[in-house]
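Chain nomenclature is as follows: A, B and C, assigned in order of appearance, with residue numbering initiated at 1 for each chain independently.
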Amino acid sequence: MWELLKIELLKIFRRPRTYIAFGAITAIVFLVQLALKLDGKSYIDLLLSNLSGSFEFSDEFKSKLLNGYLVCFAILTALLIQMPLLVSLIAGDSIAGEANMGTLRLSLIRPVGRTKYMIVKFLASVIYTIALLIWMAVLALFGSMLIFGTNDMVVLRSTGIDQIAASDVMWRYFAAFGYAAVALTTIAALAFLLSVFAENSIGPIIATMSIIIVFTILSEMNIPFYDDSIKPWLFTTHMVAWKGFFYVKATDDGVTITGSIANLPAILKSLTILLGYIAGFVFIAIWVFRKKDILS
Amino acid sequence: MSAIISVKGLTKNFRELNAVDDLSFEVEESVVYGFLGQNGAGKSTTIRMLLTLVQPSEGTINIFGKELKKHRKEILRRIGAVIERPDLYKYLTGIENLRIFATMSGIKASEKKLMNELERVGIAQRAHSKVKTYSQGMKQRLGIATALVHDPDLIVLDEPTNGLDPQGIADIRNLIIHLSKDLHKTVFISSHLLSEMELIADSMLIIDKGKKVVEGKVNELFDPSDMIVQLKTTDNASAIEKLNISDLKKFLYHKSADNIILKLHRDEVPLLVKRLVQMEISVMSIESRHSLEDYFLSLTTGQRHVGAS
Amino acid sequence: MNRTIRSITRKKRNFHLIAVLLLPAFLSFSFTEAQTAQEVIAQIKAKVEKVNDYVAQGKLKTNVAFIKAPVANVKIYFKKPNKVRIRNTSGISFIPKGSVNISLDNVFTDIDSYDVIDAGRDAKTGLRIIKLLPLNDTSEVVLSTLYIDDSKILVMKATTTTRDNGTYELQMTYGRYADFGLADKVIFSFNTREYKLPKGVTFDYDTGGTKAEENKIKDRKGKVEIDYSDYVINKGVPDSVFQ
């Protein structure tokens, strides 16, 4: 198993295409950091525009607010919407690409079970996804911490402001990245499933993105009918649950409780649903693939 | 000699299309077995079923005396194959490609062993170049190397000389002969070129539209004293019926509503004519067509100048 | 929405004005104090004027319906006549507008620009009520009402209505620094504008908050509590702090 996995990783990480994603992330993160470094004040003013009537915001306040934690949060919010494309770039290619190169048939006439082959392929996609995420974490979190320093983190939500003490932030990021890994693995699993049906990788990538876009629209629209029926079950609804780690509990007089999570059961429920999706996608992919006639 | 491959009643339907239809054949140990047919005759589908890439609709496949379905891994460990023209991993080097497939066959090959393998197919000097820089012929050679790297007992090659220059074709031919005669491997090789098969194959199977046309040893199939005779009657159906229950049945070679082909020795032709009259088969014409080889050739190249009416 | 809020504020203001206009006349009939309002104010002013500047350590607690924030360690700087700065020494604090009034000093510094009106005593607490009406029509402050413990010469509570930033209330508790008129604890109550950020901007993780939570968010009363632990008085504060 390990030998096979090494092969798959070699195939992924020796491929120029793989580094497009790493390059894209590097570029996006760097551009956001650069923009905020040069003109963070405008961004902060925009964020605070709704509050400036009630509060006094000094320049010192603003520069403290624009710290590495906030910048990372902003980058994550933006990037985790784009990341599925980068994940499907590899996961969508994992079977379809082999079919396209004519190596699928050469691989499947080796004494390796198709189930095992699929599991290894999927694991390799997951490892790639996590590697991408770690790279992003290094750039977006540690990079921003270096550039912007650290301070209390202020999370602006549509329903209020959650302020977290600087010392209480780091573990939340680790939890959030852990969760994001699962969320992106869901995308990888979807792209992987679609990859089974195609003989070139463009199809699964486009199909994955299309499904995500449709689901996201359904998730974001506030239509009562969808809200109660299908929305709670769409995986896209649960993709953003990483943010839940930055929503805190407070005492009756509004003091943040250190180490608290506002709604852990909701996050765990989201996590369970995503894991269910992953299991479902991978199971169907393997089931279909086992029966599939390889004609590529 | 025991049968390495034994196929019975093999059938594959893709929705409407009957790609392989009730095919049965046996391949004996240490022979070069030619598998001939036009493009689209069902060769590729058959080979894919032998290699578990395609699931048969019906029929059984036994390889090395074991049922393929039940002993898949065990059997595949002993098979090496190249199917059509693989592109391989273009962004990796030749030797890296080879190592990947060696590992997938469960062997840990040393650098030296891999280089030897590349040497055998004549691309050792380009071992460390990326495959995307290879010519079509080099890719084909590398493909063959991947089929041989785990020292298989049965080698399945699907149109191995496709896209090769004459020197390349000769090299592959010599390699196949070497594998068979010196190393006693069984080679199952498909082609649409009879002339090529004649040079290397010991036995041969010709299929057309998914059905077996003929199977046999090459030296027997291509006996020059054999003749092929096309019969035209007023009522082919009843003629076939009558032939089927007569002593002439052994001559019947190919029969269809518009085509009755008989294969017989030159000396037997007068007897045939006599018996046809006796059996009251209303013969329109009886023509000796070209040699058997020409007939096969017509089947395998798609120029159907025999039996076309 | 905003329009209704504004009109409510306006009504309130009108009400205050009427109350302010009526109260003094009403009360002046009932009894006469030993000290006039002007005298009480003068005494407080004298006390407050002993402090040229101070730096105080404190813990700041924000209690606004839509904000969850940790307790912050803050330093409060003051310098005559009316410079006040609350600085969070480590983290971030949302400081409400008008918090300059936390010191009240600015009121006493230019007390001459106010009409001092005696409004008698609070029935429950027995505190002296003195209203300050700015003479200048364009002044930001519309009305300040001080609740004064005249035995200790300390302002216990102050309500200030401003032109643009609503009404604030200050509640003071005194201890070690009572002699300087400096409180150990100040509760600053204020009104916030309604908080609203569109979901399309925040991309929230929606866990389906309850109606009770949503209503709580709509509460526009806010409080900031400062617990002073330590004052350093009249040791000089550089002006740069206030920039």
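As a convention for this text, contacts are C-beta pairs under 8 Å (C-beta built on N, C-alpha and C of every residue); 3 or more make two chains touch, one makes a residue touch a chain.
Source: prediction; values computed, not measured.
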item: More contacts between chains, A-B or A-C; value: A-C
item: Centre-most chain [mean C-alpha coordinates]; value: A
item: Farthest chain (mean CA position) relative to chain B; value: C
item: Inter-centroid spacing, chain C versus chain B (mean Cα positions, whole Å); value: 97
item: Whole-Å gap separating chain A and chain C, where each centre is the average of the chain's CA atoms; value: 46
item: Where chain A and chain B are represented by their mean Cα positions, the distance between them in whole Å; value: 51
item: Numbers and ranges of chain A residues touching at least 2 other chains; value: none
item: Contacting residues of chain A [partner chain B, same complex]; value: 3-4, 6-7, 10-11, 14-16, 100-103, 105-113, 291, 293-295
item: Touching residues (chain side chain C, partner chain A) in the complex; value: 61-71, 87-88, 90-97, 99, 190-193, 195-209, 213-214, 217, 222-223
item: Chain A - residues contacting chain C, complex; value: 50-51, 53-56, 60-61, 64-65, 77, 81, 151-152, 154, 156-166, 168, 220, 222, 237, 240-244, 247-250, 253-256, 258, 262-263, 266-267, 270
item: Residues of chain B defined as touching chain A within the complex; value: 14, 48, 51-55, 72-74, 76-77, 79, 81-92, 96, 100-101, 103-106, 143, 146
